[in-house]
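Down below are the structures I want you to see.
Okay, so chain A shows up in both of these, paired with chain B first and chain C after.
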Partner chain A sequence: MAYDLTITGPARRTVFEIKGDPSALGSDLLPPWPDRPCRLTRQDDRAFLWLGAHRWLLIAPPDHEDGLDAALSAVHHPDASVVLLSDSLAFFTLSGRDADVAMSIACPLDLHPGAFGPDACAQTDGFGVRALVLRQGDGWLLAVEQAYAPYIAAQLAQIV
Partner chain B sequence: MAPERMAQGGRIDRDRVLRFRFDGRGMTGHPGDTLASALLANGVRIVTRSFKYHRPRGIMGAGVEEPAALAALAGAQGQGNVVPTTLPLRDGLEVRSIHGWPSVRCDLGAVAGLVSRLIPAGFYYKTFMWPDWHLFEPAIRKAAGLAPVPDTPPQGRYEVRNAQCDLLIVGAGPAGLMAAVVAARAGARVMLADEGLEAGGSLLARPARIDGAAAMNWVAAAVAELAALPNVTHLQHATAWGWREHGLVMVQERAPDHRGLIERGWRVRARHVICATGAIERMLVFPGNDRPGVMLASAVQAYINRWGVRPGRRAVVFTNNDSGHDVARELRAGGVELAAVIDSRAGASADDLPLLAGQVVQRSLGWRGLRGVEVAPLSGGKTQRIACDLLAVSGGWNPAVHLHSQSRGTLRWDDTIAAFRPDRTAQPSASVGAADGRFGLHQALQSGAGAVAAHLGLAMPDIPQAEDAPYRIEPLWSVPSATGSKAFVDLMNDVTLDDIALANREGYGAVEHAKRYTTAGMALDQGKTGNVNVIGILAGLQDAAPGQIGTTTFRAPYTPVSFGTIAGGRAGPALLPYRHTPLTDWHIAQGAVIYEAGARWRRPGYYSQPGESFQQTIDREARTVRQGVAIYDGAPLGLYAIEGPDALRLIEHACTARYGTLAPGMGRYGLMLTEDGLIFDDGVTFRLAEDRFLLSASTGNADAVGLHLEKILQIDRPDWRVRVVNLTQQWMNATLCGPRARQVLARLTDMDLSTDAFPFMGLRAGQVAGLRSRVARVSFTGELSYEINVRQRDLPTLWDALLQAGAQDGIIPIGSEANHVLRVEKGFLSLGHEVDGTVDPYDLGMGWAMAAKKGDFIGLRSVRLRRASGLARRELVGLLPEDPEVSLPEGAPITPGGRREASEGLVTACVRSVVLDRWVGLGLLLGGHARRGERVQVRLPDRTIAAKVVAPVFHDADGTRMRE
Partner chain C sequence: MLLIECPFCGPRAEIEFSYGGPAATRRPDDPAQVSDADWVDWLTVPENRAGPVPERWCHAKGCGAWLTVLRDTRTHDILDVRHGA
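Now for the complex of A and B:
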């Protein structure tokens, strides 16, 4: 028996890291705020993740980069930083009936639907390196430092 | 049909035949057999020779407790030291006996038994120390070896999964199944892991009844119910082999149903653990208790009832407890002639059995197999011989407390069962059934359900009807005749009663010491059948109770675990989490030798050309930088954006230099110190605007620098208004270096590259090769250099453009080896070489990097305290070997006069200089700054090398070339 699993990636997405106080950015640029850490909101193909203390991530499709960059780079606020990090992360998608199984191999976090719902996100461990995990459709989005992309691809290839 | 297979019975599929070979002999078995049951069914008595004395050994157990028999598998799934009692029989299995030459039936190594008096426990510690243990070690290891490692790795792969659950239940016997059913019905996330080939535990091996029907009917119903529930994960043939902190339990699944998967490891995080691990029967200690034909009574019971195998034709049962009587009855029911039941308890009675109460087996009789036993009253008296080919032995039952103990739970001795049982728990857990010393079937069901109900806050559910068989025991740690004979307490390691007594006499009477002295309880079986006997024997020798002796520490693994099950997918290209730059594939395609160069980054070491030696390659690359132009993949260089009103405050707090005077667009070199004033990292910090900076960090320390800065902000200075963002993988640089760097770069940019417009330590933004870029004029080589930073996605484009633009100037790529040469020639510090965690800035002659006109910063106080002490320090010096063609090994000690005494320093680096055409080195030398001109000696194991102490810079001492 083989796993029913489809993997795509590594791919680049538009990513901005927001540090400090995101209210300084104005509400029209971002999806609604997540109500607590390790949660995300989605709007117009964009996801807004609250990762930790004073740290948020905006993830959008690749073709959103120029528009968002133009809008967000103009923001200069003493208590908020917006930094383009699209090149820093490599994204993998895992889908198929056994996507959860593959994630259980990749990640020690409890990803059971009761513990990690559709609006959950976490910066955690993926195959031993720091990874960002969130659900996407019926599957998963796994993002790592782009430098680790070949290593993660090799790990995922073994599962398939 | 195999000769010892009973005509009916057993949980095997008699309609299908599996063919296998043992030592070249063709044999048959059936699905449901283990290798052990199939070997016994085929009349095989000797499976291996023992570890030390080469005594013939057969199968004694029926599961993980097997203390004697090991085998090796050949072929594609080759494996050494397989425990036959836990290996499911497969068609085509090629099995070999081990540790016998020329064969296990006729083993020349058995001569060791003739000189056994000369080789007691620990003999090699006493007799092979002179002149050198290593002289004898190979021969001793060969004589005492086990199966060799297979020639080829196993075919297939391994996998490790993570899992989480509310309840992990270990063991699918009656207690574990009952617990699982109750928990699953309540909706808890349940994981059930059982080491057996099928669920049922002890019920598989005995004709018990539950609710008036065969107990296995109840087992089948429970398993089916669990399989239908989505909140249950049920693993069979899966052993929970280790329990670590925070509820982490490791499970080895031995036969996962997945293509190409050999084994699967599970790392289970459980909120609560139920230990339903059952109990393990003890061996009795009497002379010849290892002879093939001597078996654990519970194993005999299992082979008859579960596998339909007759382990012997005429049997004697030797017991000190009631469970042996049941086995005797089942032997008789299975068609085995029952010669006698020897019960050491004087008050034992059983009208239906040929019982000899108050008697013990004095010794077994036979050569390669059991022919009979010699029996005598325990209190002494006339002996009698009883012919038999099977001796079923029961020394009582030990609760399998291993997991409970691994979790740091405590144990207590219970006289009523003469065994250790769980006492206090250290992690959320409970032990149930036989694992808690409740050996009755109804007790097991009740305790399993009760533990779950108590944990989940449920009402006690209805318990199926079952009977508790009586269990009375009088411990018997050894028979009177055991002293001075081969009465084994640990069969795996050939440890005898006399060895334990010797350890006690020589002062190793503490149970942990006795274990190390004798090796009792070590190796594959971890003493499952013998450890408590060792404790009982020590108690007798020391006139103490077993509870006062205590147990050794139970450690993982409970059963042998393959490395693959632990490593999972970490093999081949996924062995280690290496980082790759966007140019790694290009480097490899150019023939670069790639290796890790800090923080898991794989970087080019050097680019060999056909016909070049290693040194010629390094010389060519380094010389090109000194005379022409080269590029270096600087992608891994650490880079952080620091922004906010307190950005300057943070940088000046973390670094040694002063940055407040920096104009935007300029940078300054500085050091980062630890709290104890030692160099942690170095780098250049650029000012982009009043409140915005870029801080660079060394490749190897980039992650640590980020954590250091975050620690300051999140813990030490949370009130500071400043943010740190890691840009290391957003912006990556290609470094253009060499005297012709400016003219190459000028072909790709319209930036003004003149020294006036773009001075040394300047940072400019603009377009290079049509790419958005930031160019920094810094130098790690001592030559004119530009670090051209672009987005990660653009680095390959930039790289190609630079190679094309520099082609007419002979541009080449260089690797880390040439980089090292260039740094050493300049006397630039390198992490891991000169910066080894012991030096402060003054030691390296870098006191200038300690800004005098700013406030406090991390490490300043410690540096001042150290300086105030006036104690001599190891200081950075240059080293010129007297023979210019001789290199100084990096790390080699410098000793006074080259004598064999405490070192006064060490060589930190040595390279062949392309500017001086000779070997040059750097070193840390006690009081080195004041010793220039001295002659020192580098001490090697076989010689010394003389070197002259000089200033630690060999090229362009005033730095003109990188500034011009």
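Now for the complex of A and C:
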């Protein structure tokens, strides 16, 4: 059976890891804070994900990198560390009517809309490696460490 | 498959976690003052009780936090999960 599934990637996006206290960076650069763990907020094509007790990710389109890097670098604060991770992560998108089925093969989480809503995000397991999962449009964004990109691409190709 | 309720991430599958050994025994403050036999006991002979046992688990594929999990070795029931040691 052929799935109605479109996969893109691996692709690069702008990613900053923020540890400590993001409020130290001011409110102009970041979308509003997610109010619960494993939730995200979106603003101007940027997503702000709360993924650990003191860890956030800012994900933005590739062409936002230079501007964000300059702006975040200009804000030095002892309570917040900002690290550019764009080169570390490879992003795949899954879309189409069967994208949810493909994700259920990739990932052990309950991704039903009732359990994993539009503002949910998770670091979890994707085909056995650490993966970042969030919704994008009607489909999914799946990110893994760059070194695993060929492996993930091969796994996704097997589903198609 | 265990379902472990991470205090930050919520209930997650066992494959997201790494087992970090028993949590009950405290590392001797000064190993030089401990006999070889006691040191080997601490290092390599974990308590293996039939019943609730505190264990260290790292949410390695999730938030990265180290947790202390109280697991019943007879039933695999997870009785308690908390951050840290």
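Throughout what follows, the second predicted complex is superposed on the first by the 160 of 160 C-alpha atoms of A that agree within 3 Å, B and C clash if a C-alpha of one lies under 4 Å from a C-alpha of the other, contacts with A are read in each partner's own complex, and residues count from 1 in each chain.
Note that in this section contacts are C-beta pairs under 8 Å (C-beta built on N, C-alpha and C of every residue); 3 or more make two chains touch, one makes a residue touch a chain.
Predicted model only: the values in this text are computed from it and were never measured.
Novice: Could you say whether A:Pro108 touches chain B, chain C, both of them, or neither, answering first, second, both or neither?
Specialist: A:Pro108 sits against chain B and chain C alike.
Novice: Tell me the contact category for A:Gln123 with respect to chain B and chain C: first, second, both or neither.
Specialist: In the superposed model, A:Gln123 contacts chain C only, not chain B.
Novice: Could you say whether A:Ala147 touches chain B, chain C, both of them, or neither, answering first, second, both or neither?
Specialist: first
Novice: Specify the partner with more touching residues on chain A, choosing between chain B and chain C.
Specialist: B
Novice: A:Pro37 in the overlay: touching chain B, chain C, both, or neither? Say first, second, both or neither.
Specialist: The answer is second: A:Pro37 touches chain C but not chain B.
Novice: Taking the superposition on A as described, I'd like to know which of chain B and chain C A:Ala53 touches: first, second, both or neither.
Specialist: After superposing on A, A:Ala53 lies in contact with both chain B and chain C.
Novice: In the superposed view, which residues of chain A touch chain B and also chain C?
Specialist: Residues 53, 108-109, 128-129, which sit in both footprints.
Novice: Quick one: which bits of chain B touch chain A in the complex? Just the residue numbers, please.
Specialist: Per the touch definition, chain B meets chain A at residues 157, 159-164, 189, 257-259, 267, 269, 568-574, 576-581, 584, 601, 636, 641, 643-645, 691, 714, 721, 723-731, 791-793.
Novice: Which residues of chain A touch chain B in their complex?
Specialist: Touch residues, chain A against chain B: 1-3, 12, 17, 19-20, 53-54, 78-81, 83-88, 101, 104-105, 107-110, 112, 114-115, 127-129, 145-151, 154-155, 158-159.
Novice: Once bound in the complex, which stretches of chain C touch chain A?
Specialist: 8-10, 12-13, 15-16, 60-65, 83
Novice: Contact residues on chain A for chain C in the complex?
Specialist: 37-38, 51-53, 55, 108-109, 122-125, 128-131
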